[in-house]
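Have a look at these structures, which come just after this line.
The following pair of complexes shares a single chain, chain A, combined with chain B in the former and chain C in the latter.
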Partner chain A sequence: MTLHCVVCIKQVPDHEAVVRVESEQNLFIEDRYICSFYDEIAIEAALRIKKDHPDTRITAISAGGRRAVEALRRAVAMGIDEVFHVGDESIESAGSMAIARVLAAKIGPMKPDLVMCGKQAGDDDMGAVGPMLAELLGMVHANAVLSLELNPQNQSFELDRKTEGEIWRLRGSLPLLIGVEKGLAEPHVPVVTRVMKAMKAKIENEPVSKLGIGDHDIESGLQRVRYLQPPVRGEVRMLQAEFPENVEELVRCLQDNGVLS
Partner chain B sequence: MQAGQIWVLVDARRDGLTRSTEKLLQAAGSLAGVKDMRLTGLLMSQDEKLIESVSKYVDHLLWARHPDLTTYEATRWLHAIKQLFQSRGRPEIVLSSAHSIGLELMPRLAAGLQGAYAGSVVSMGWKGEALLFKRPIFGGRAYEELEVVRPPVVLTVRNALVSGGKPRSAVVAEIDEAPVDIPDGLGLEIVSREQTSRGKLELLEAERVVAGGRGMGAEENFKLIEDLAACLGAGVGASRAVVDAGWRSYDEQIGKSGKTISPALYVACGISGAIHHVLGMNTSKIIVAINKDPEAPIFKNADYGLVGDVSKIVPAITEALAKCLQKE
Partner chain C sequence: MDFKFTEEQEFFRATVKDAVNRLIKPKIQSIDETDDFPMDLWKEFASLGYLGLRHPEIYGGMEADVMTSMIFYEELARGSCGFAMAVTMQILMGTYFIGRFGSEEIKQRVLVPAIRGEKIGTICFTEDQSGSDLGGTRTTAVEKDGGYLINGRKNWITNGPICDFCTVMATVDPAKGMDGLSFFLVEKGTEGFSNGQVIHKLGSHGSVTGELIFDNVWVPKENLLGEGPGNGIKYSMDILNEVRVMTALNACAIADAAMNDARDYALKREAFGKTISKYQLIRSKFADHWAWYEAARLMAYRAAWMIQEAIACQHECMLAKMLATEMCQSAVDQACRIYGGNSFAMEYAPQRYFRDARFLLFGGGCHEVLQNTLGAAFLRKGSAER
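Right, the complex of A and B next:
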């Protein structure tokens, strides 16, 4: 029986891209985008499942403007053949719930056995789309998944989930949605020929109107008031005294700050 | 927002309430106090000892009772909480600290409530009738302030601070035992639980953290870090360089691809201060850096800096602290 696995991916600014608050209403983001860290792990994990169970169909999907296409090209370069691009720029600013609704509208009819999302995306760090999507699709979900073993014969799985200081092993029946944790797979770097092929791949866009999504579906209930600079730390105080006076001075400072107990 | 209800999901370990939940209950109390909202502590654990520790913070302790809820499992808890929304009325605000349970459940609850959701909230406050809150974005390179324009709203809170709130006077909580119905076979089966940080203080909960980097020189020198941590009652953290080298385990890694923590005190020993590391700790209240290189970038992110060799300075701090703690 074919196992259908859907991977949700998003293009986000690189970890090292400059992000600067220019004014309360404006954020400067350097034009250096990548497929989000955990999403690449999800792609690799899907490819591994296909290796273990050749009768697997993998679909990658990204919602958003033209940058979403870049994430999908990455998926193609890594080895995924079926990719879908849905929605446009307006989705990106509409919030997690809007994105989850659009993804649910596209993914629902596919009736996948497994949906994979990143634990959190590298831009908003929300970690919301996966669990929301699970709710909308009525699927069981597990977050922060470190390993996953599938048994397509009897539609069962076992997974390891990371929690504070513990790893929990859980067992259940497909379908399942997971939030991917670091460690589930090590993404490979695609070879140049595959990257070239991916650049030429034709990726068509499906507008949200075609998915039966209306304006009220993309309201988030939240409004951004402003962007703010990260809080700044005061000037460092270098304790210049000779050793061991500097150490004693440090202990006094810590006492004065009330952080010792 | 009209006067209504605030619910806080209580996270508890074997040894009682977690520090982050305790802080969140206090913060929620301030929020509720300003608007005369009713504060509900939502307790899913069957441990009666927790009733006392939670009820001192809340007006109403809602105790979901079913043997299958004792151990957390997402689908069963979600099912129970949805029943409580039905029977007790929908809250306007639902809060949880950003632990593994909250992160897994809260966005899903928001979707179920057709409400708004935000994660990693670091401060909350009222502006007129609207709830405003702040959260870091792009790994802390910027922050955003958001306003709830259409409740209900569900938030996971990382470091509960409330601006403009007033602390609550003592309250006597109403204890509301709520039997819930859980169908047989719902959710996942828990096969096993394995501890990954046996006996160690959980970093996300630690009030103080001592972390070591490549500058510690060797795996065995982390004994110095552990001694200082033991003296401070602190957790042990590590840079990625030493995790990659196999000196320390991944669950101690602080930074972009490890944990993000906000303890009251962070001591960085032999850590250069790469941006990836700093992103995981720069919201700590007081940061101390010890490095032999006076130009190390870590000093730009520290409150106190000591230039010198960690093998000499770290044990000296442990000794000085031990002396001064003895005196007290």
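Right, the complex of A and C next:
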């Protein structure tokens, strides 16, 4: 029984890239981008499924501007042969719903058994596209998935998902859309033959208009009002004296700062 | 003119950087402290296939072009300098002549396992009395019993103490100087081939360096690498251009890493009520470095492009190597000054950059020799113009 697994990926600023609020309307982002952390885990998890079930077909999709191609090259380098780039720069700032609609328009006709997304993106941390996409595709959805077992024969799954302080075991029938959590898989370092293949890969773009998506579909229901600088952490003072003198010093310090009277 | 890397080259750089960040960087400190060859890391890195960077796909290589290789060498040196030296020796110098001139049987026996990282190779130029002066090579190869009898000692051999095979430069006729030089393949286990002393180096830890001894080592005729004896110097010029540009980009990487660390430090370290990044004398160090670094890196990549386009560039490669490695000396020194007293503590990185940078001064020709050649070439150029 062939499984079709679709992985949705996104290019986000590198962890080391400088990001700062320049003004209420402008965010400076250094031009260093990587495939989102959780999305790489999704790629690796899909490759593991293929290892366990060799008939599996894996497709990677990224929606966005030119940078999306880099994420897809990463997917090729890691071992995925079928990749699609949909949309253009115009949908980059259109919001989660627009991205979900574009992805749904591309993925829907494929009728996949499993769709995998990162549980949240490495830049805006919205964690919204996955659940929205599941709704648009009419799929069962589970987020923060730690482990996944598939049974292609009877089209069923069991998974563990992480919540605050507990783990839930869920069972159900495919098709399924999951948001992957750290721990589901450990992304490998690509071998150079795949890297060269990724470098040479011709990744065609499919414009949004070809997917039957109109301007009204990519209008965002949310408006970004302004960027604010997060509060700067206050001054830290280490009390150097030994116990019990440091207790006296602490009390004095709290009194000086008006915390204790 | 176009100074941009292609999208594909940028992707390759990002991929190598990721591999270096994940596999090598976590081990930098321990490699530097122990100075042991990191065999586990070697195997892990070899399994990715990078050791076949320049070799044909039929032997397990990736046939990368010169520019792609240079991007690799630059990113690799951002990790451990010593490990980068061991890897680049294997990719470039240690296997180059075997890949170019070795018989099919030799390639299958030596090159294929080398690309897989199962055999470690090296090249032997330097002797106690000759390094940049290749014409002074004293190791001899004399025709005997349908092969060659090699005698001599080679020193300062990167990967030497752990090598499974080496390409040895020896003279078939000492009277001919440079024109008597040839390359020979010698494999571990050959009678008379042994290790001498290991050199404990100031920096570039993790790349083991030492002496190799050839005491009546007989090799068959097919181990002569290249057409006929006496062509060694011509062949070595083919590889030295690449070695020099590679060294230049190694130097750029170390300089960049040192000054990036220094920037992070300067932005946090406070003195007299403000971070030291706000003082003009600290800022001037970054400004001077930036200008010098950009110039050196541009020159190195231009030389790489000339090699790729088969444009004669012996002098450009020398200039790139000289400029970049001198820039690197300055960068690591300035980084140490920005760190102040902390640069003298082993727990901080600048002292390692400082020690590693020194290693780059000598490979590919020491600067005093390069300056002599370049100065003479510059004067000749002036005469021709007049």
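Here, the second predicted complex is superposed on the first by the 239 of 261 C-alpha atoms of A that agree within 3 Å, B and C clash if a C-alpha of one lies under 4 Å from a C-alpha of the other, contacts with A are read in each partner's own complex, and residues count from 1 in each chain.
One rule holds for everything that comes next: a residue touches a chain if its C-beta (ideal position, glycine included) is under 8 Å from a C-beta of that chain, and two chains touch if they have at least 3 such contacts.
The structure displayed is predicted, hence computed values, not measured ones.
Asks: Aligned on chain A, chain B and chain C: do they clash or fit?
Replies: fit
Asks: Quick check on the superposed pair: does A:A77 touch chain B, chain C, both, or neither? Answer first, second, both or neither.
Replies: second
Asks: Which partner chains sit in contact with A:R67 here, chain B, chain C, both or neither? Use first/second/both/neither.
Replies: Touch status of A:R67: no partner.
Asks: Is A:M196 touching the first partner chain B, the second partner chain C, both, or neither of them?
Replies: Touch status of A:M196: second partner only.
Asks: Let me test your reading of the model: by the given contact rule, A:H53 touches which partner, first (chain B), second (chain C), both or neither?
Replies: Neither partner.
Asks: Which holds for A:I34: it touches chain B only (first), chain C only (second), both, or neither?
Replies: A:I34 sits against chain C, while chain B stays out of touch.
Asks: To make sure I follow: the centres are taken over C-alpha atoms, the vertex is chain A, the ends are chain B and chain C. What is that angle to the nearest 10 degrees?
Replies: 120
Asks: Who touches more of chain A, chain B or chain C?
Replies: Of chain B and chain C, more residues of chain A lie in contact with B.
Asks: Using only CA atoms and the superposition described at the top, report the least gap between chain B and chain C in Å.
Replies: Minimum over all C-alpha pairs: 8 Å.
Asks: Going by the contact rule at the top, pick out the chain B residues touching chain A in the complex.
Replies: It comes out as residues 73-75, 99-101, 103-108, 110-112, 115-120, 132, 134, 136-151, 153, 187-197, 200, 202, 204-205, 208, 232, 250-251, 256-257, 264-265, 275-276, 282-283, 285-289, 294, 299-308, 312-313, 316-317, 320-321, 324-325.
Asks: Which of the residues in chain C end up touching chain A in this complex?
Replies: Listed in rising order, the residues are 7-12, 14-15, 18-19, 22-23, 47-50, 52-53, 62, 64.
Asks: Write out the stretch or stretches of chain A touching chain B in their complex.
Replies: 13, 15-16, 19-21, 27, 29, 37, 95-97, 100, 120, 122-132, 134-136, 140-144, 158, 161-172, 179, 182-183, 219-231, 233-234, 236-239, 243-244, 246-248, 250-251, 253-255, 257, 259-260
Asks: Quick one: in the complex, what on chain A touches chain C?
Replies: Spelled out, the residues of chain A in touch with chain C are 34, 69-70, 73-74, 77, 189-193, 195-196, 198-200.
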